[in-house]
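These are the structures, in structure tokens.
Below are two complexes that have chain A in common, paired first with chain B and then with chain C.
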Partner chain A sequence: MGDALATQREGTMLKGFGGSSLRVNLRTGQVQRRPLDPAFARAWLGGRGYVCKVLYDEVPRDADPLGPLNRLVVSPGVMSGNFGPTGSKCCFGAVSPLTGAHGDSTVGGHFGPELKFAGYDLIVFEEIAQGPVYLFVDDDRVELRDASKYWGKGTIEAEEMLKHDLGEDFEIAAIGPAGESMVTFACIGHDFGRQAGRCGVGAVMGSKRLKAIAVRGTRSVPIHDLPGLKELTMGVIKRTSTHPNMAPWQKFGTAMFVGWSNEHGVYPTHNFQTTYFEPYAGIDGQPLVDKLLVSNKACSGCWMNCGKYARVTLPEKPTIHVEGPEYETGSLCGGNCGFDKIEEVAYVNWVCDQTGIDTMSGGGFVAFGMECYEKGFITREQLEGHELRWGSVDDFEHFVDMIVHRRGIGDWFARGIVYAAGQIGHDSIRFTAQVKGQGMSGYDGRGAPAMLLSYMTADIGAHHNRSWTITMDEDLGKAVIKGKAKVVVYLQHIRPFFDVVSCCRLFWGEVDVTVEEHIEAIRLMTGWSDFTLEEAMRLSDRLWNLNRAHFLERNGGPGRKHDYPPARFYEEAVPSGPGKGARLTMEDLDVMLDEYYAARGWSRDGNPSREILEDLGLPETATRLETLDLLGPLMAPLPEVRGERYKPKAF
Partner chain B sequence: MKIVLKAGGMLADYLKPDPVTHAREVEAGEGQTLRQILESIGVPPGHVAMAFVDSNIVHLLYVPKEGEVVTLRPPVQGG
Partner chain C sequence: MKIQVTQSACTGCRLCRQVCAIEKNGETNPRRSRLKIVAHFPAPGTYQPVVCDQCGDCAEACPSEAIVKDDRGVLYVDGELCDECGLCVDACKPGVMMRWDGVAAKCDFCWKCTEVCNTGALVRID
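Entry: the complex of A and B
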């Protein structure tokens, strides 16, 4: 294969890119390598951009997410592997078995850069292999190999074995037993504790019988202006090293947000029943560092090292090592499941990582099971004689085992929380913490309406990485409903942009590296001297509309009906803690949705209009929607600028 | 007594520290909590995600000591 691929290498030598894409047919075993088309590269930039485009163009509308016609798409974007601030990411995407439409999830670590060093910007997996395989990539040598000996192994164990067999310098992305059994919230693990966690991308990988991807790259990525890029990046490193946020960030990572979230009445507790977890001090960043920390851990080229590698010893459990828990795990697998000791949270974090389930959806879905058990909707008999109590590590571990191996009611949960609620009955759907089937991130939106709107409207379901607004909700007032939607739109363009170019958005968020500096870095990498922030944001807008169209085409319309959260989030008031009394109504949600759709140039029904799609260069998408009667009329004049940057009052 | 507050990002717009050292010396009353000190100089405590003394987390009810350096950080972008 290597020689054939080498001769196919046409050497366009696009600056900033690996230069090639791979298309792998898992059924036939055929691997095709193509040079990256420069026009495609500029139009979609990579990462999430390529993923969106490939999924929209290639996956038929009625294709089963776990069937042969779905694609698994892997792409490190333009900044990945380049000496910028900081290109460590890689995007995995597929039509999601959780939401039924476009799904993507970005992982840090070293996998994306390694793919770029091997010369690849995009891998598209098609069809289903006859038996377990893994993709071996060693620069130009690319082959599918038998993965029988790794099948059935935990994610971390499989990574260890592959590194042992191939060499330490291979970077591995692998699934665990949950991915193999197509649990709809299975993740893809990498670097012993980092995950492309959301949207069930691991389930799609498992459905294709693809256990792992192993890659080694020994080339460098061609850079247009290396001295200029070096100067910019060194300046950023120097400046941010003394930033006041840097030292706490390096010491605690995101785990330090547990206390803040709790004090501000947004911390999900006992399946989002309330927003205050009294014993939170036991699972905050401080005990993580004081009791469990082995070392800090960083992604490729990162000087912020937010990863916390921990060693955990619990009575009657094996001693384990785990990266984390970071904030999302510390909330959804923390107070949300009733765990009040950092050792417990870290241990269940490891259970999720090893079996290969997303700690966010996993923690949220198990917490839902715990509330059902508490209410008597799930019986001990259904739990194989076990219980499912708040704060019980044994119960959590046993229930996850039922899910991963699809035993009894474990199979209901493996299919997703909406399916499980349907089987459990008792109107339990009303207290599922999800939108569009995707489990909510670790913030309760009742105390932060714009955050709830962010969940409601996110293209992949209730995930915070698209828009996070709690600072604004605090600043403008937690009870304020109007005037926030435009900011949600702005954030939905800026935050996922980092997943397009595959760099870590935390530098922007935490230590004031500006978006303009990222844009300048891309200019220096690629030589696109006319590349602007406006072009970048326009791409983000285009991707958002493309994903909305994708969602509607696959799930039907009108869009609005998919955008409401379960009843708990607009009927129940928060019962305790600093957020006590926070409550939203259906009318509040409608006000926010109306504002949001107008800001996007969509119809009152939440369907994109022809005007917006044509404005974004997507006329074929407008026609596709029109054919399905899913195109909406504009409800207000097309906004020239979609979204509005939020400036705190003090500005 | 005097203490030193340090902050960057959005909080710097409230605290108005030295642009290079990110620090500002402020006057604080004996026994005042961090929350009270912040309110007295116009920094909204709601914008302080957490505070650190000697790289350890302290909370808004913490009472700083004379000469102590307290680093504040905003909940900027939510991970």
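Entry: the complex of A and C
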């Protein structure tokens, strides 16, 4: 297939970028290389930006997310691999089988930088292969290769085999059996324990029969001002290495937030029934480090090493190695499923990683199954004679196997939690922890209203990375409803910015690297001396509105009807722990949504207005929405700046 | 004088390699560096940094006496004298003697790798 490669090596002389894109037709086997268009590069920057634009422009609105017309889009952004503070990320995107709209998920490790070193900023996969394949990328040599021997293997096993076959210096992104069987919350794994976990991007990869992408890049990315960039980044490294937050982050990573979230009354417990897990000390960062830690593990070019590589031996189980559990796994596969020993959480983390399901939606969906079993809504017979008890590793592992291989009611869950609830009945949809089909992250919004608003309004469903507000909710008052929506809008612009440029947001959030320093790093990489934070925030605003339009065009309107959480989150009070008594009402949710839509320049129905879309340079999108009767009238004067700047702190 | 390696402190971030490539080659690809990190995954799950220990095997193997000591006593490659034969690379047991564009390249203790390593995996010892 290398012969079919249309080679255009001239490139564009773009600084900071790999310089080329690849378009891979999996049905025909044709691979085309194109130079990256400088205007496209500046307008959409990369990562999540490219993903958003390609999906909006190319995927027909009636296309099945698991069919040939969906695209799988892979993009490392401008900072990836470029010795900035810090550029390790790579974005994977597709129309999501979970949410039915734009989906993206960003993974750290070394894959994004390696793609850049090979010369690529964007890969778009089209159609479906005849049989299992993987994409082999070795600088200019790009081939689709037979993947029969890897098909059926676990994610970690497949990565190990590919490295053995190709060489240790290839970076691998692979799916597991869950992706192969198109489980809607299947993930893409990389670097033995990192994942593009959300939105079911692994299911789309599996639907295309693409087992893996293997890449080696031996070139360097041209940098506009390399000495200047070196000076800036080495200065940031030196300064932040003594920041008081650096030591705990290096020691525990995100795992330390298990205790923190419990103390703050937001820790999801037993499928979000309450927000306090009494035996949390057994699964916090301390026992992880004391009992299981093998190595601290960092992404490319990162000096915070939040990854904790662990070794676990449980009775009657194989000894396993796993990266984690990080906080989201430690909550959603931890107290949320009733596991009170760190060994158990780490083991089920590995089960998810190896089979290739997202530990977040995976943990959340299994926890929902556990509550259904507790209530008698699903039976032992439906579980093939097994049970589904809180805190049972065997039950968890068996149920995941049912899901991955789509046996019996496992198939219901493989299709997603909303589908499963519909099949189970008993009005169980009321206690699903999801918005738009995406499982909630590891924070219960009843004790943090702006966090719930963040889930309700996030473009990919209930995911925390778009906006994380727990400390803001604390600062402004946990019961306070009004006045927080503008900050949520700001966070939905600033945090996804890091996914656009493919750097880690933790340095901004935790050790006070300023966003201005990131902007300066991008200037030094690209030579865009006129690049500003305002331009970056405007792109975030444009992406947010484009994704909203994409969602409405695929799922119908009004937008507001999609933005409510299940009833548990506005009907039930938190029954125990430091968050006891926290409760929101439907009226509270409406107050927050009204404020939010006004701050966005949308209608009271939650539809974008012509004014905001034209302001963002999207008049064609406005016209398209108008044709579909999805364009809303402004509910308040268009805010000149969307969002209110806020710097959340973790401690 | 040496780069002290503490294997268990290495996180595999490759900052040391990248800053070396930038400092010595003006390039961003960590492969263009003069040290290595060997990864052992998924098991046992450890990284092994490999640096030049100034053993002198490269200088001994060099037929054109291009690997010489600076005023600190540290071996470095005099590019003008290198005849690009590659014998130094073959002689280097740790495998950190490199050739870039034919010319031999080795660590000359510029210490940049130790400046970016904040975990204690690579420490400057004068």
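Everything that follows uses one rule, which is that the second predicted complex is superposed on the first by the 639 of 651 C-alpha atoms of A that agree within 3 Å, B and C clash if a C-alpha of one lies under 4 Å from a C-alpha of the other, contacts with A are read in each partner's own complex, and residues count from 1 in each chain.
Everything that follows uses one rule, which is that a contact is a pair of C-beta atoms (placed from the backbone, for glycine too) under 8 Å apart; a residue touches a chain by one contact, two chains touch by 3 or more.
Keep in mind the model is a prediction, meaning the values are calculated, not measured.
Check whether A:E510 is in contact with chain B, with chain C, with both or with neither, and answer first, second, both or neither.
After superposition on chain A, A:E510 lies in contact with chain B alone.
Applying the touch criterion given at the start, work out whether A:E127 contacts chain B, chain C, both or neither, answering first, second, both or neither.
neither
Would you sort A:G217 into first (chain B), second (chain C), both or neither based on which partner it touches?
So A:G217 only meets chain C here.
Quick one: classify A:L226 as touching chain B (first), chain C (second), both or neither.
second
Please indicate which partner A:E344 is in contact with in the superposed arrangement: first for chain B, second for chain C, both, or neither.
In the superposition, A:E344 touches no partner, neither chain B nor chain C.
Touch check for A:D138: first (chain B), second (chain C), both, or neither?
Touch partners of A:D138: none, neither chain B nor chain C.
Looking at the overlay, does A:D475 come into contact with chain B only (first), chain C only (second), both, or neither?
A:D475 sits against chain B, while chain C stays out of touch.
Check the residue A:W303 against both partner chains and state whether it touches chain B (first), chain C (second), both, or neither.
Only chain C is touched by A:W303; chain B is not.
Which of the residues in chain A end up touching chain B in this complex?
Residue positions touching the partner: 242-245, 247-249, 251-252, 254, 256-257, 259-260, 263-264, 284-286, 326-328, 443, 464, 468, 470-471, 474-475, 495, 505-506, 508-512, 648, 650-651.
Of all residues in chain B, which touch chain A in the complex?
6-10, 13-14, 22, 44, 46-47, 49-50, 52, 55-57, 59-60, 71-79
Where on chain C does chain A make contact in their complex?
On the chain C side, the touching residues are 8-15, 18-19, 21-23, 26-29, 31-32, 38-39, 41-47, 115-119.
For the complex, give me every residue of chain A touching chain C.
81-83, 110, 117, 156, 159-160, 168-169, 191-192, 217-221, 223, 226, 230, 234, 237-238, 241, 246, 250, 294-303, 305, 307, 309, 311, 321
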